[in-house]
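In the two complexes below, subunit A is the common chain; its partner is subunit B in one and subunit C in the other.
Let's turn to the complex of A and B:
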């Protein structure tokens, strides 16, 4: 067999140099952009009004095997901590009970966001035309599987090793009962996957990840650590290391459409809608989780919000995109108002509906009432005195025959649910910006709490038809709904949800709830279109 | 102590804070059931960690079979199409959450395996190069076959990889979604390994082209991959049913065309041409193929073909999909037969009887593992005859 000139050259080269040679990830990645080819049927299955550029690059430049190596190293550190030192110091039992309850919600709800982001980035991987851009989204698809598993691991860990496994052990089933669930689905599930692909990217990467993961994933670790929880920081900070790549993906999405005419027409409207969608839920829910779901307080939510959302995201991050025509959302100013009172408004309702949760809630103590009043002047007059009344009526005691939902009915304070955000609100009690507006469409009444959501619905009502819990449960007795949706502990009668976290307090049972004869009513049945 | 704490204070380590927390914690856990996902039916005797971490992460309502939620979607596509819907596939099931990866791989286990393969690849390449093994590769095999035709096969793997994007978006279960994304990543890994091998050869063999230009020209304009390319394009972008995408790619095209190209051509022949580099990479691809086969077998046979209510119906659809995709795959193989005219003939290795024997292995494997489980009648001898008609 004749030896070719190239083989001879290789042989000669080896004669003088036997140095071990390998190929690094970058040397492969630099060819990635050429992996695709043009063909007639090559178009996305998820149309977008924007055109993503064919030559868009990614910033992280990973190949499959290098991605796996990097993540595996992080996993070793994280699971090593959890399974070794944190297990040996019995860390899950040294978390304040209020925070143990908060993590039932936070970890599971974040899991839903991560899970849906698998599908969202699958859609973006399909929509992008540039192989590098596809590759960036692909790495995120895998990251989101990682994060789904990690969030699940937090609940798994608390269930196995903690002080109250109920709720941690079945959050994926019991989360659907209560008033926080559907709103969470809007922001963390459907908002990421249903719509124009770029609009979904803006929701997920430009707002969800670039704006709210800082308070959700970083700030939460400070609150966790203060309240004795080292499990959450161990996992969430490992998640956050991947989020940087996701924010970069969002940035690249904007870069890829920057030169498209559609961007100048639609981008800022889509960004504004996405921001309002995300903030409408996260602003109250995160504030509520931190301030009402903790014993030790780190800082008022309004300050955290102002730093991460208003200044860091609305100013610096969006400012960087200014050269591509991106502007701070017009709704940012209204959101800033919500950051002060909206979480207090929501806790009032969440506590009123506590039996439908998969966690225990706690009324603010006298010490906490002082903290709230000091940081939110006017809190005692608007909220504190209501809690005092509820406590005086024995709302924590199953023998009292009283749950705060009854107080709302007795005092004619109807609770509505915003059709677009699915966030509950009580127009006659709320101190935040929510006001009632009602429309009739398709034979059904719809309530709304703000201009921005109402505008989204008026443009495309067919996108927001989901029934709310009052419509779903209408006419049904409360204990029956709880039992059917598995809201009880392993004894088959004690509720997972409780209105206190006192270790000496009595726990409510299905029988205690049944005695109240509390029947769900749909408030939209008693109002008419145009009511405000 | 007060409830407002300074930034950086930790409840686990600060003695005063730890005392407050300890006083609040119940002396015994409030519930005796500490098993997460206890309500999930395990595939084995006990619930695995994989099932605990993956099952029911998907928040679908109960009108999508297996879902635990209620009601409608909170936001839909423009025009009102649902976020996820039963209408995205022709197949039916009583439970879209039934699938399990037989290897029980959640993310951490999946990346751990691949990370080890990467580290070992790096060590292997260093040893291979230091040993000067590249000198033994036949130059025609190296410069034409590996450069052009293995290089062009990169695009087949890359196209199949992309077919997983919409499937990972549209599928209706959590374990399904995770499996689909992982077997998709394996496909792009295959494509990248092919380019990695070419880059490695370019480093060792002066003049060996690293560029993807020639392979792409072969893939897009050449005759040998013409039908393969058209089939991959259709799987990737012309097919909307996510189950059909997976079936056509993983249950018809890849176990026939992919297996022949990888196992019966590159893997089997490389040693005859002094090439012990390519088998290193192809064997990794074969590992992924084997793992994927376990996953897709579970999806389609255990979960769908054996579904108590819809099994017979599903098998009818799967057989119809075979009718659609098998002729295209056979054509892809027939075109690929042209490659044997490009390499020196080795008696008993590259001649017609040897090729026929190789085809028999591939088609018989396919019949046993993919056609028989859905009672698909197939005349493998006739198919092989059609393929062999492409031998020049």
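Let's turn to the complex of A and C:
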């Protein structure tokens, strides 16, 4: 059949110059630059005291097609592993029982962080004016949605396939009982999404992600694997493959304000506040999860912290920015003290308050006590002997009529909650960087554990009004609060939380707790402003 | 174990008990010290294991003698002074299949330093990209 001259011309041309079947993604990225969208005069709902530059770059040159392809491959690999080989080898049942409990805390809390990061990066997208910077934030928003689902899936997988699902399933229903959720929400929620947009970026990206996701999401996989858990490395290392772009976003946020006059006025204060806010919770909680929530130890937590936080984040991120006026955080000395001791302080309180949790805790064994003393000289004298006493009083057994909270009351060691971080502390026992200070404001008493939080509160007291559990449940009996706030298993009487992970040990019920007649009392009622 | 100052257990990290305590709390270690190192975390996978064994420790072992690579269970931990670079066009030759820089990013789990892509190359550097050094676009 004859063809037209035009068709023939086109056919001949294509025979010599083949039509492209694909285009290099970075050529597309360069081509997109020619659109030169002008966001410079855009108004934002989320203003910042800094002026973000309009020419900031996104370091990985993402385009939508390659982004979607990358994430699709990641999910195929991750879910392929979970639903195929890890299901076949019964991986969830091979996890050490202590570590199974630790993942109830780690994955549930990380899920909340990821969820709030969706809003945080959406806010930053709105605030930024550079097209490439917006592109980086937008990809991060999508990443955070993925991560929220991944963390939820970890708990679903453990609950469905593993051992003792209580706490993996629906942990949020217990969120108002104990103090750990509130501290986590201060770091992961308030810290990421409240206040100045750039300050939120510093909290989320420059400190939360560039600093603390390395122990939280990378180092945790080594502890998990050592304790028989291959589920967590499969998911968390995949989450972290997005985090490097988030760290770059945080760095580029600093690049975008580096030449702004406001940076010389505010950046070091904002960085120090963000560092202290994040470390105040991450440092003790992660250290506790790793060392007290594992059977097989990888290395002392303080070494993990020293590597990822002090040497690498401090030296490689913050140290290198010194010539642009970025200073070593003023709170670093106290943070280092916390990295050595605060997780021991926190475990002492967490074990004392175990009925208010949604996970099971275990006292250190004699072998573990030796490990602690070898790595933290002085541990036995400060903590070990207290655990020996609690064990001798039968703290694991419901028939003992004893929970360690009673020991604190008997020995006059009051427990306070830091108003800013919501982290509990016991001034008469702690060795971390916590000391009591009290203020009265707006008809209410407020306790604080450190200079840095106290300083933040003094400049914005209205920001930190969250009630703590002693205020919230003052005068109420413990088992009544646990029952009302869903701290029991599906039988309606056995507590989700338990003070042991032994298969043969008896489980505590509401009746066992009721017999103790523990009543919440606010320690601030008996002291006055100015007390230290 | 590697004796390089970049290795996982180098310096204070090789100390224990009181010796670690004393150096950790020493006055000079209460502020951050600028570091010219970079750290890369690569999630283990079929392709990444080849890149580690045959590219970084193989043909390109002489590119940066300060590079240390350690096996940390689910991931490879890399630390070097200055920079680490991976040319994904060359990796594609090794793997015998298409492998772009975005395929490489599928298994890059963490970066401490300034990481970026240009064409087929992934780079992590101690340079302050965007401040001291301009980030480039692909040239036609």
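We adopt the following convention: the second predicted complex is superposed on the first by the 494 of 532 C-alpha atoms of A that agree within 3 Å, B and C clash if a C-alpha of one lies under 4 Å from a C-alpha of the other, contacts with A are read in each partner's own complex, and residues count from 1 in each chain.
Assume a contact is a pair of C-beta atoms (placed from the backbone, for glycine too) under 8 Å apart; a residue touches a chain by one contact, two chains touch by 3 or more.
This is a predicted model, so every value here is computed, not measured.
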item	value
First (subunit B), second (subunit C), both or neither touched by A:222	both
Contacts of A:313 with subunit B and subunit C, given as first, second, both or neither	second
Subunit B versus subunit C as contact partner of A:356, first or second or both or neither	neither
Subunit B versus subunit C as contact partner of A:93, first or second or both or neither	first
Touched partner set for A:69, first subunit B, second subunit C, both or neither	both
Subunit B versus subunit C as contact partner of A:149, first or second or both or neither	first
Contacts of A:27 with subunit B and subunit C, given as first, second, both or neither	both
Dominant contact partner of subunit A by residue count, subunit C or subunit B	B
Doubly contacted residues of subunit A, that is, touched by subunit B and again by subunit C	27, 66, 69, 73, 222, 225-226, 230
Residue ranges of subunit C in contact with subunit A within the complex	8, 12-13, 16-18, 20-21, 24-25, 29-39, 41, 43, 45, 72-75, 100, 102-103, 105-119, 126, 128-131, 135, 137-138, 140
In the complex with subunit C, residue positions of subunit A that touch it	24-27, 29-30, 33, 56-57, 59-61, 66, 69-70, 73-74, 77, 210, 213-214, 218, 221-222, 225-226, 230, 233-234, 237-238, 240-241, 243-244, 247-248, 251-252, 255, 258, 300, 302-303, 306-307, 310-322, 324, 328-329, 332-333, 336-337, 340, 374-375, 377
For the subunit B and subunit A complex, residues of the former touching the latter	2-5, 7, 9-12, 17-18, 20-22, 24-27, 29-39, 52-59, 68-84, 106-108, 110-115, 117-119, 121-122, 125-127, 129-130, 132, 134-135, 137-139, 142-143, 154-155, 158, 162, 164-170, 174, 177-178, 181-182, 184-186, 188-189, 191-192, 195-196, 199-200, 203-208, 210-213, 216, 219-220, 229, 233-234, 236-238, 240
